[in-house]
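Next up: some structures, all given as structure tokens.
Same chain, two partners: chain A is paired with chain B first, then with chain C.
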Partner chain A sequence: MEFRVDRQLAFLAVVNVAVLAAGGVLVGASFLDIYNLQSMAGQVPELGLLALGVMLAMISGNGGIDLSGIALANLSGVIAYLVLRDTVSPDDAPLMFSWSFAGIALLVGLVGGILNGFLIARAGLTPIIATLGTQLFFTGLAVAFTNGSALGLGFIEPLDAFGNTPVLGVPLCFALFLMIALILGIVLRYSPFGLRLLLLGNNAKAARYAGIAEKRILFLTYTACGVLASVAGIVIAARTSSVKWDYGNSYVLIAILIAVMAGVRPEGGYGRVICVVLSATSLQILSSLFNFMDISNFFRDLAWGVLLLVFLATSGFDAKAWFRALRG
Partner chain B sequence: MFAIRKFAACAVALGALTATTAAIAEEKPSIVTVVKVTGENWFTRMNEGVDAYGKENPGVATSQVGPGKADAAQQGRLIEDLVAKKVAAIAVVPMDASALEGVLKRASQRGIKVITHEADNMKNTLVDIEAFDNKVFGARFNEKIAECMGKSGKWTSFVGSLGSLTHVQWADGGSENAKKYSEMELVSEKNESFNDANRAYEKAREILRKYPDIKGFQGGSAIDVIGIGRAVEEAGLQDKTCVFGIGLPKDTGSYLESGAVDGISFWDPKDAGYVMNKVADMVLKGEELKDGMDLSVPGYEKVTVKKGAGDGVIAVGQAWVDVDKSNYANYPF
Partner chain C sequence: MTDTTFNGATPDGNDKVSLGSAWRWLLRHPPVVTFALIVLVCLVVGTINTDFWQVSNLFDILRASVVRGLFALGVLVVLASGGIDVSFTAIAAFVMYTVTMLVTNLLPGLPMPVILLVAAAGGACFGALNGVLVHALRAPSLIVTIGTQYVICSFLLTFVGTALFMNIPGSMEAFGKVALFTHQSANGSISVLPAFVLVLAVAAVVTWWILERTLIGRAVYAVGGNPGIAERLGYNLRTVHIFVFAYAGLLAGIAGVMHVASNRLANPFDLAGTELEIIAAVVLGGARITGGSGSVIGTLLGVVLITLVSNVLILVGIPSTWQLAIIGVFIVLAGTVFSLRAKR
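Our next item is the complex of A and B:
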């Protein structure tokens, strides 16, 4: 299978370039200088990782969605910090602290993902209800553990470097995001699991008759969502040097927006990783552009809404056929 | 082919989106005030102060921005972009101070001057501006309650939550002040309302049932007085109780009218916005903020300057505004 450039992908790539160019024209060179490019790249992973999770859930079909992503991300950060606070000193062993932080956070994400997977695949709950429930559950746990206040990690060099320092010009967290996206893309495209997931999302009944282990696939998918969320949690902790239960409470809907803009079919069966990546970057560039131009954030919400509608409209719109019809 | 067509469509759409608010190239240093959330009365009022400073001082460009949703993440992203844009100074009212330490540190590394408000534990700031000393503020509430209840009888205090540092400081400042009056008795102190007027109402009702002869209430979060006022009103005790606390004139108006709430205090966000920009301008010009300095804004005529949590300083004013039934309507927020 070779690399396909479909209309969605071409459109997204064009949007990215167009917004960047618009920024260069409207704001000037400072929008395209290396610092701003790095700054924008550094902001992408938090939302991008959550959007990848939403994409996986959506592909699985049957109204698949993961609303618990950001809640689980915050919970992983909170638990990882609480466990380590009394056992490993970040000042004496910063590297050990950082790696254990990541390890524990991933473990929490795995457990949270397994819980979602169990509720949806085994107990057969509707994904939107199940993940809404676990969202409240994860948030509640994080509040209970912290009494609702933020916990500052302080300056931990390796963690801070991961969140904020570019290596060879690329912020590390962005590089990690790209790597995860690449792996996910390969798995979806070439592995038997990916094929089965797409088939399941396309037509669950047919997939079942074809002998695809529906429950196992759903379970694995939602577990992967949980792990992706915890990676987002690590990125958040690294970038803000703190953990808090309500960080990013507006991310749930934006992550869905990114996935839908990327052409992931909400009814399941289709979605491309590279489109999600480009969708996330285009939204980031657009939002940074608005900030550079002092445009109200309400206007930005409006612009995102317009963009989403444009995407939805064009994805179901066959331009060639339309022009043919026009010519008569 | 379709890609080119779409490119054209997209460019047109973008042009339409952005043309309405095309950026004007400006050479003068810009001070950007970042608030917790746009569209709230409190910060709309603050914007007036920000604009006022810009108008009076043509040497700088002032503006106020804030996320559409009250989310520390959104605020952080906004500042991230301002740092990349390299504005001259950023004045922040942090949603969550600890989540902003990293990005503000990067800001100062890029030579951007950082001013904060309501964040006396912030490390990466040059000047943090506080409207008043929280202990003194709490003591003032208590003094009014004491006067109103004739310096004797039972009284209680409310806090948004025990985790809200300033609320606890106000309650403590109040109880310390009450020690001056031996006949005043503090009962079941620091009731948590969880910033919910209904919870405050339930709590106040419980207290009225338990201590029918209670005379004083000190509110902690801005909505505590609303809940307490409702409970007092229902019990018909408007004239027998003294309710004071922080509150906003618009929200508390009806209770001030009925006498269920006797007085509220707050600080004027307009002045706070003005002072933040003034201090930012001073820092940009290299002027030093000295103890006892007059910033020529009501309440900030003699600021106390002390060392902050990081390398910066904290400037504390006496910028409280007390209102009661007679003058609350002068403050439209």
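Our next item is the complex of A and C:
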């Protein structure tokens, strides 16, 4: 297994170190101690998983994007809790409750992903319209089921441990995130599916002539996005011990920001999982730094917006240089 | 024989050929589908709850359509050019709040036409910035405008203010109160159709004129249909990009002021988050998100449909919490129907 270190990867590694160092200087040593590192790592998965979904959708090309991620994540948590509330008592059978919670949430994510996949691959909707519609639909269902209020799960030991307890120094949900990222990375890089997905995103026409089953690939891609979103939903429920319809209302932006910052091409055909992971960690460190410095949420959103435009600008610049090199 | 069917009766007895051709005709005329949906919703709601058939209800729907309609006309022009804009609500919120603030604090006597001009110019500047960014960054307009949406909205909340303006300038309040038509119902209650619905009417006519009767309108559809060919035909992509986003921004600025005038307060948290239902309305009106199509009349019908759905659910006993889910279903269904049309 060879491992390329390209410019994007080196850049993201430097950004991670730089933001950590900035935190060490601005906040003090407490920013770099094990507790803070663990707490930051625990916060990465929810956004990281959504960003991986956005990456997959973007790679598939043709304006591919998944705007429904956080909506589906919240909906899976809401449905899983509502189903279990009256059937399994979390006090008597906490382990059973946690596993069924995860199972139902994953099922909801699968169904939601299949819906997106069907609309985009079979019904031929553009990804923007399809996921915009399902975003409203998923959010709307979550609002309707909860009457618009947050539902507290209470303390459920196994679920809480998954969200907040480190094992061997690594928070469990972060370990799961890394594992999912690793699997996804291997699939993208070494499996026929990954190769076909990248080809499809690079040049849909050529892929079609090469006999690649475009519809099946798109369907699988958006289904995977749905499943990733529901894993994010489980992590959110475990970490916050509650489910609500409007959790993470700026996550659509941040997930796209993470993907764009990781060098995923919005036009499709290119994206590396390791870069998305590093991009997610660097943004999380930055966000924690803002926390320590008591910077308001509004200003944080401003920073994310500016960063998104800046990274779009720099990736656009690279593309131009690349074209020039190609011609000359 | 089709000429034996009565006017208004459902052609159940028709053979498959004419059903098929009717279906094809409908797909070529998306506004008809939208209109049929409106009639259907009205009939269903009106049958379940006869309170629906009231002039005051009609006035409410028209009044609520003004801000949405102004937004939607801007989105229509952007969609027709093959782009998408999600930052218009942020632009509107920024413009309405800063303009209200400036007029209240510095120039309380400013007349309404000047306020409207300032708002339109401010909105157009933000929109032009969108256009420049979309063109210069060569990135999908969705991603660019998500970025500018957050920048504009958070800049407003971080640096301009978060407090409500309860006392809006007198000229704006007076403008919101001017009645176009007053109706007194049988039980003595008075309902008023505000004159600012005319602003939407003017904007609709102007947008129709730009899209159908001017060179830039041709350019918008041409670029939306196929940017590569349009560029080779001599259309300037940069001009079109800047124009469509600036026009959407201009309408958003006006919509922001209309929002203040009709609600009699300026809340910086208002409007944000409504962009999806506006895009839904335009798509329901038959505009394809891939560009090159869409009509003013379809867009207005889409707006009426969305407003109808948000206003009348309560009347038929559906809790308002279901509103979002239903709008979501509408987008998906309309998108599917119109994508089938595209395949033909």
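Please note the rule applied: the second predicted complex is superposed on the first by the 293 of 328 C-alpha atoms of A that agree within 3 Å, B and C clash if a C-alpha of one lies under 4 Å from a C-alpha of the other, contacts with A are read in each partner's own complex, and residues count from 1 in each chain.
The definition used in the following text is that contacts are C-beta pairs under 8 Å (C-beta built on N, C-alpha and C of every residue); 3 or more make two chains touch, one makes a residue touch a chain.
These numbers were taken from a predicted model, which means no experiment stands behind them.
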{"item": "Contacts of A:D301 with chain B and chain C, given as first, second, both or neither", "value": "both"}
{"item": "Which superposed partner A:F138 touches (first chain B, second chain C, both, neither)", "value": "second"}
{"item": "Larger contact residue set on chain A - chain B or chain C", "value": "B"}
{"item": "Which superposed partner A:R4 touches (first chain B, second chain C, both, neither)", "value": "neither"}
{"item": "Chain B versus chain C as contact partner of A:K205, first or second or both or neither", "value": "neither"}
{"item": "Which of chain B and chain C A:S30 touches, first, second, both or neither", "value": "first"}
{"item": "Touched partner set for A:G163, first chain B, second chain C, both or neither", "value": "first"}
{"item": "Contacts of A:S250 with chain B and chain C, given as first, second, both or neither", "value": "both"}
{"item": "Chain B versus chain C as contact partner of A:N147, first or second or both or neither", "value": "both"}
{"item": "Chain A residues contacted in one complex by chain B, in the other by chain C", "value": "147-148, 250, 296, 298-301, 306, 319"}
{"item": "Interfacial residue positions of chain A with respect to chain B in the complex", "value": "7, 10-11, 14-15, 18-19, 22, 26-28, 30, 35-36, 39-40, 42-43, 46, 147-152, 160, 163-164, 236, 239-242, 244, 246-251, 287-289, 291-301, 303, 306, 310, 314, 319-320"}
{"item": "Residue numbers on chain C that touch chain A, as the complex places them", "value": "84, 133, 136-140, 142-144, 146-151, 153-155, 157-158, 162, 276-277, 279-280, 283, 289-290, 319, 321-332, 335-336, 339-340, 342-343"}
{"item": "Residue ranges of chain A touching chain C (in the complex, touch as defined)", "value": "63, 65, 119, 123-126, 128-130, 132-141, 143-144, 147-148, 250, 252-253, 256, 260, 266-267, 296, 298-302, 304-306, 308-309, 312-313, 315-316, 319"}
{"item": "Parts of chain B lying in touch with chain A, wherever the complex brings them together", "value": "2-3, 5-7, 10-11, 13-15, 17-18, 21-23, 25, 38-39, 63, 65-69, 71-74, 76-78, 80-86, 96-103, 106, 110, 161-163"}
